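Reading through the structure tokens given below for one structure.
We just call them A, B, C, D and E in the order they show up, numbering each chain from 1.
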Amino acid sequence: MQELINRAKEMLDDGTVARVLGWKAGDLPYNPEPAYFEDAESLKDFVYNGFCGANLSKYMIEASKLEGKTLVFLKPCDTYSFNQLIKEHRVDREKAYIIGVGCKGKLDIEKIRAQGIKGIESIEGAEITDDADTLKVQTIYGEKSCAYADAMLERCHVCKGKEHKIYDEQIGESKETKDGERFDEVARIEAMAPAEKFAFFQKELSKCIRCNACRNVCPACSCRKCVFDSNKFDSAQKANVDSFEEKMFHIIRAFHVAGRCTDCGECSRVCPQGIPLHLFNRKFIKDIDELYGEYQAGDDTESKAPLTNYTFEDAEPSIVGKRG
Amino acid sequence: MKYSYYPGCTLRTKAKDLDDYARASARVLGFELEEVEDWQCCGGVYPLGTDEIATKLSSVRALNAAKEKNQELVTICSACHHVIKRVNDDMKNVEDICTRANNYMELDTPYKGETKVLHYLEVLRDRVGFDELKKKVVNPLKGKKIGAYYGCLLLRPGKLLEFDNPENPKIMEDFIRAIGAEPVIYPYRNECCGGYISLKEKDMAKSMCDKITESAEGFGADMLITACPLCMYNLNKSSAKKIPVYYFTELLAEALGVKEVQAS
Amino acid sequence: MSSNKKKQAELIEEISGVNPLKCMKCGKCSATCPSYNEMDIKPHQFVSYVINEDVESLVNSKSLWKCLSCFACVERCPRDVKPGKLIDAARQMVVRQRNNTYLSPDEIPELLDPELPQQLLVSAFRRYRR
Amino acid sequence: MSIENKSFRPKIVAFCCNWCSYAGADLAGSSRLSYPADVKIIRVPCSCRVNPMFILRAFEKGADGVIMCGCHPGDCHYSTGNFYARRRMTLLFSMLDYIGVENGRTRVEWVSAAEGVKFSDTMNSFVEKIYSLGENVRLGDLRCRN
Amino acid sequence: MQRIGVFVCHCGSNIAATVDVSKVAEMALMEPGVVHAEDYQYMCSEAGQAKIADAIHEKKLTGIVVCSCSPRMHEATFRKAAERAGLNPYMVEIANIREHCSWIHKDMEEATKKAVILMRAAVAKVNLNTPLQPGESRVTKRALIIGGGIAGIQTALDIADAGYEVDIVEKTPSIGGRMSQLDKTFPTLDCSACILTPKMVEASAHEKIKIYTYSEVENVSGFVGDFTVDIRKKARSVDMDKCTGCGVCQEKCPSKKAPSEFNRGLNNRSAIYTPFAQAIPNVPVIDREACIKFKTGKCGICSKVCQAGAIDYEQKDEIITEKYGAIVVATGFDTINLDKYDEYAYSQSKDVITSLELERVMNAAGPTHGHLERLSDGKAPKEMVFIQCVGSRCSDDRGKPYCSKICCMYTAKHAMLIRDKYPDVNVTVFYIDVRTPGKNFDEFYRRAVEQYGVNYIKGQVGKVIPQPNGKLLVQGSDLLDNRQILKEADMVVLATAIEPNPDVRKIATMLTASIDTNNFLTEAHAKLRPVESPTAGIFLSGVCQGPKDIPETVAQAGAAAVKAIGLLAKDKLMTNPCTAHSDELLCNGCSTCENVCPYGAITYEDKEVNDHGIREVRRLAVVNSALCQGCGACTVACPSGAMDLQGFSNRQIIAEVDAICR
């Protein structure tokens, strides 16, 4: 972490960058948040640890409009989002100085809590440089411990890889955290009977409070104005939570980001209700891979997106019924 | 410059000359051939079946050994080159074969086709350079009219071997020019000598080699050169043949003035 | 019975990785093949035997043992069909399944001569036997 | 006009492209090839104009089945429109299937201007399917609030 | 709020027999915005249209719904009627209660219910309609033809004869193209030059045609009716006005080592040259790469011998900018490079030649003055072998996957001509299939076999083997006799695949005309619009669109001309107002829409916007309504909903959905 701060100071001092986009310590040990640092002084609050799951790519949309360059720290998975934003002309590559930071898997406080660890005061072992496989958690009830891997976010278990897809320089090593298959959960649902599927999603989606956290954090949901907030698709004036968009929110959102979603997993990470929203996006990704060939959004900045592409021999929509 | 070197079974026995001359010449040309430790026979033929794994492992071992030394892997025998180059391509591009081979091998880091496989002639062309070679020639083979015999294994399939134009190659002709002789281009230089068929179908192989040698002689060749011990064997069995066949390394050593040194 | 034939044809396609339907019957393989005159089933006919699910005839043909694996047909095929790979797959079926090989160890001594390179024995063994 | 006490009559929306399928429906009409009145056609310039949101909207408003018809692939009046539509609909239908909505409620069929018979056959079979599936209860609200 | 009138048509009994039309009209009055509803026997009749006009005036209607037959039948009729009455024609919607209702249903109650719903959907849509104005754009009454081969010449002549200005841009020093290189043409065997030269002369003499030879299109901007094109006139080093075409300079030029392009490199030409005797214009160019004066500064002989003083070593490239209403692409073809087919020994033996080279060999103006002889030793051949499909029908990456279409016929022609002129020469043709669809084509091929005794063998050749004695051993298949053939030949002729002129990709990019994987230009519709590019105002002529022979090329050239004339005949273009438009405040500038637009109608501009007080420069999608055809692909691709289609807006379609599902 100190290395990151030193490098940031250096670059602020020599004027290479006008600001630094990183993470700032929160009021609790496990809730650092994205923040701009404009001078060396403010960097004292800079943190980078296992709880810095937040993907900073999206913040670069606004940062691209500011004077001067912005130094941004991106984890390997975040770089896909950044590439995708370049492809969509939403960020200015020239305005960013990207330091690819190492990652050893990001933590999910809910996973720790789920193990019955409550009243957390501090957590050791979340530092990126730590080799420890175990987290030591100081709680008001005394010290508890928990395996690092058991506290990781779902997305880290199906990590896309340690490679930064775009960067100016790299600091820190990354660790292989993948121990699951990305589409296993989707495949499990696909195998269910219709009623069972419906019950599953009914249960999950009923929790939604339409707080928009998923939309706000999503790097693909970067529209200046969301269709849900305009009246472009409703013949009647928008009235209440019973409107069409409200009801179809998640499926429309998933469709809007289909072929553009990099599967960064931020939607699920930030959902206060713990809805596994990535299961929608990942279903589209799985279908795209299977039907139109492997495609990873954000892998590059050039390739044609699956929904703006076609082949004469594409599968017919009836394949959905035939696949059973 | 050091290269990992895969001699193969025949270069250790019947074709020892091919190997000795190659090493002696390498020293003059400023590169070293470091024999892969405990190499195993490549099998002689590339297993075409898409489901063949076990028969490819000896090649993978050699390839991985070179990778661990961070060296390019050099071959001389056409058959070894063909097999190893194609197995390497499988490891690089055929996911299924790569995964299964690595499952067998249980290496620390999986081998994924990282090693570059070079034939000795490619080393001469792409690493040493024929112009450089020419400068080191002390005993140019002036006035000799040499027909290059390529055979199949170095050239085909062209897309995988990437050795030279499979229908109209020129690497050996350029080599012949570099050692001061005159190349004779004849159309049968890339036709098959019969290969392994000569074990049981001796007449078939013979008639194929007759065509090759007659064509070469017809176009005025005094001698043929080859990189392959099996081609050499088959060509020598040709009843129509009137001209000698040499390993290309022998002429190389002669031109570099190290043939006698080697022989002594 | 017929399903067995189908399976054999599918197996050949699987082992070889060849799609016989790509063939346009131009005959360039047969025009190319140096062993043509020794073969009873000609290279351009291989695909038909697979399409017609008559693998039995193919594996019993002389051609199996006359192909040199010189890849000339593979190189020149304009449709990327690779007849050489098909015939090798048929050979594989024979040597794998029936253990009915074209080369028995007993006959080797008489085939040898002093110049014969190891490579030849190794290659022949690989092609002819499991 | 009350139909309360009648047995189930589905609401079916058919999006038809102007150049092929709408003309195919016209031909079915002029050939007097009947299909149930439950089908109501909406004319769009091209199948690529059909936004998945229109389909979701229809379901939300009580449709029991939605079918989209366009020119045969390769015959699109705009060259490529139906290729994009095909991918969009494939993914949408797969998603609906994934969340437990019966796959039979959605369909895409390519109908040319000359295929009046195909149009009517398609509509007959689609309506039959919707009858067998019964009323759509699952897609009223994707948050699945009860 | 709209004031809508609903007009329900009986269509005699066509509708009224199954649908209770008065009920529909009655129900319409209950719909929001509807202030007038009536039914009538025949709405499309004059009286019916008058009723609509009257209601517009009396009730001050702002929108109209006609419940009648298919809009494909009478939408235009009712729109015109509304327009005559002072209403914007795009405020009219049709509810199709005939084809989609009365004709397919029998039960009156059911049909009436459905008709009401269809009426409601139309009313709901009209409530959201806005008056649309078709755009207008002017038409420059001049056409540009890119390529001066037979396709370009024919198109130019046809357009010029209709009275429009035409410019031809030709890359080489003369017009004439591939056809000028041919000796005889099938299936009539008339001399190619004899039928082409008069056309070349006619084009050059035509007062409406301007020919830019040795010139290339450098840049294209604008759109249908109003293209602006930069043409680079390469420095000829010869003043075209002064030159008399006497040819002395070519005779005296000491540099005679440049390979003749016209003779396919089989012989050489001078550095100052006209490609062939009948060249138009008959003005030479100096090949600066080959010219001694340009290479060393010394020489200048041509200048000294030119009595007209036409040689100008200082001449520079010139850029001409011109406006055009229509552009016809006629860039033609070339034969493929044979580097990847060395098994046929093309690069090893001079006696292995392509068919196009044989044309030059057979031609009196060719390298052998029309004598059939081996290029290696000048000897007359006794055995000739033709190999078909060299590089055609190849799905590997060496050749082309398509059939080149012309080879079977020209090979039959060559075989016949050789057998006719040199009866002692044996001709063998190795073929995969003989493809002769066309008038008198199969008869022609059969004549080669039956009258001229050409030996056709079904089977491809595997290898051509040069022999020490100078002959060529052809190793091929005879699939019908199931044998491998070894045939000794004196010459081998390769029917080499043709491919679009390599420049076409660059040109297509400039024109935003789409191109397929084989570099053939794509037509707007494979069956119904075969000579138009999907890009409006761009037309296709000749082989640039796909392989064809001369008669087909000429036919297509004429068709392309007619399409271009149809465009040029208009003073103004009315553009379809149902086009896409982007909402500046919603557009992300993400380029997604551009990727699905088949017409290249969407571009991006950096533009300052005022978004609720925030002023900033944004990258925004801009639709060129002259190019947009209104398919709507972009509207769905757009993630933010910024892109919408006039006449079929999101809200309109959703209103219809709602009305139907209500």
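Just so it is clear, contacts are C-beta pairs under 8 Å (C-beta built on N, C-alpha and C of every residue); 3 or more make two chains touch, one makes a residue touch a chain.
In this text, all values refer to a predicted model and were calculated from it rather than measured experimentally.
**Student:** Using the contact definition given at the top, which chains are in touch with both chain C and chain E?
**Tutor:** Touches both chain C and chain E: B.
**Student:** Please indicate which chain is farthest from chain B, where distance is taken between mean Cα coordinates of the chains.
**Tutor:** The chain lying farthest from chain B is D.
**Student:** Whose C-alpha centre lies nearest the centre of all protein C-alpha atoms?
**Tutor:** E
**Student:** Quick one: chain A and chain E, Cα centre-to-centre, how many Å?
**Tutor:** Computed from C-alpha means, the inter-chain centre distance equals 47 Å.
**Student:** Distance-wise, how many Å sit between the C-alpha centres of chain C and chain D, to the nearest whole number?
**Tutor:** So the centroids are 53 Å from each other.
**Student:** Considering chain C alone, which of its residues make contact with at least two other chains?
**Tutor:** Expected reply: 72.
**Student:** Multi-chain contacts only, two chains or more: what residues does chain D have there?
**Tutor:** Answer for chain D, listing residues that touch two or more other chains: 51-53, 57, 61, 74, 80, 84, 88.
**Student:** Residues touching two or more other chains, restricted to chain A: which are they?
**Tutor:** Answer for chain A, listing residues that touch two or more other chains: 233, 307-309.
**Student:** Return all touching chain pairs.
**Tutor:** All chain pairs meeting the touch criterion are A-D, A-E, B-C, B-E, C-E, D-E.
**Student:** Considering the complex alone, what residue numbers of chain E touch chain A?
**Tutor:** 124, 128, 583, 585-592, 595-596, 604, 611, 616, 619, 637, 639-641, 644, 650-652, 654-655, 658
**Student:** Within the complex, which stretch of chain A touches chain D?
**Tutor:** Within the complex, chain A contacts chain D at residues 186, 189-190, 192, 194-203, 205-206, 208, 233, 244, 246-252, 254-255, 258, 280, 283-284, 287-288, 291-292, 306-312, 314-321.
**Student:** Of all residues in chain B, which touch chain C in the complex?
**Tutor:** Per the stated touch rule, the residues are 8-10, 13-15, 41, 43-45, 47-51, 55, 77, 79, 152, 155-158, 166-167, 191-192, 194-201, 204, 208, 229-230, 232-233, 236.
**Student:** Any idea which chain E residues touch chain B in the complex?
**Tutor:** Answer in residue numbers: 339, 341-343, 345, 347-348, 397, 463, 465-469.
**Student:** Can you name the residues of chain C that touch chain E in the complex?
**Tutor:** Its residues touching chain E are 22, 24-33, 36-37, 42, 44, 72, 76-80.
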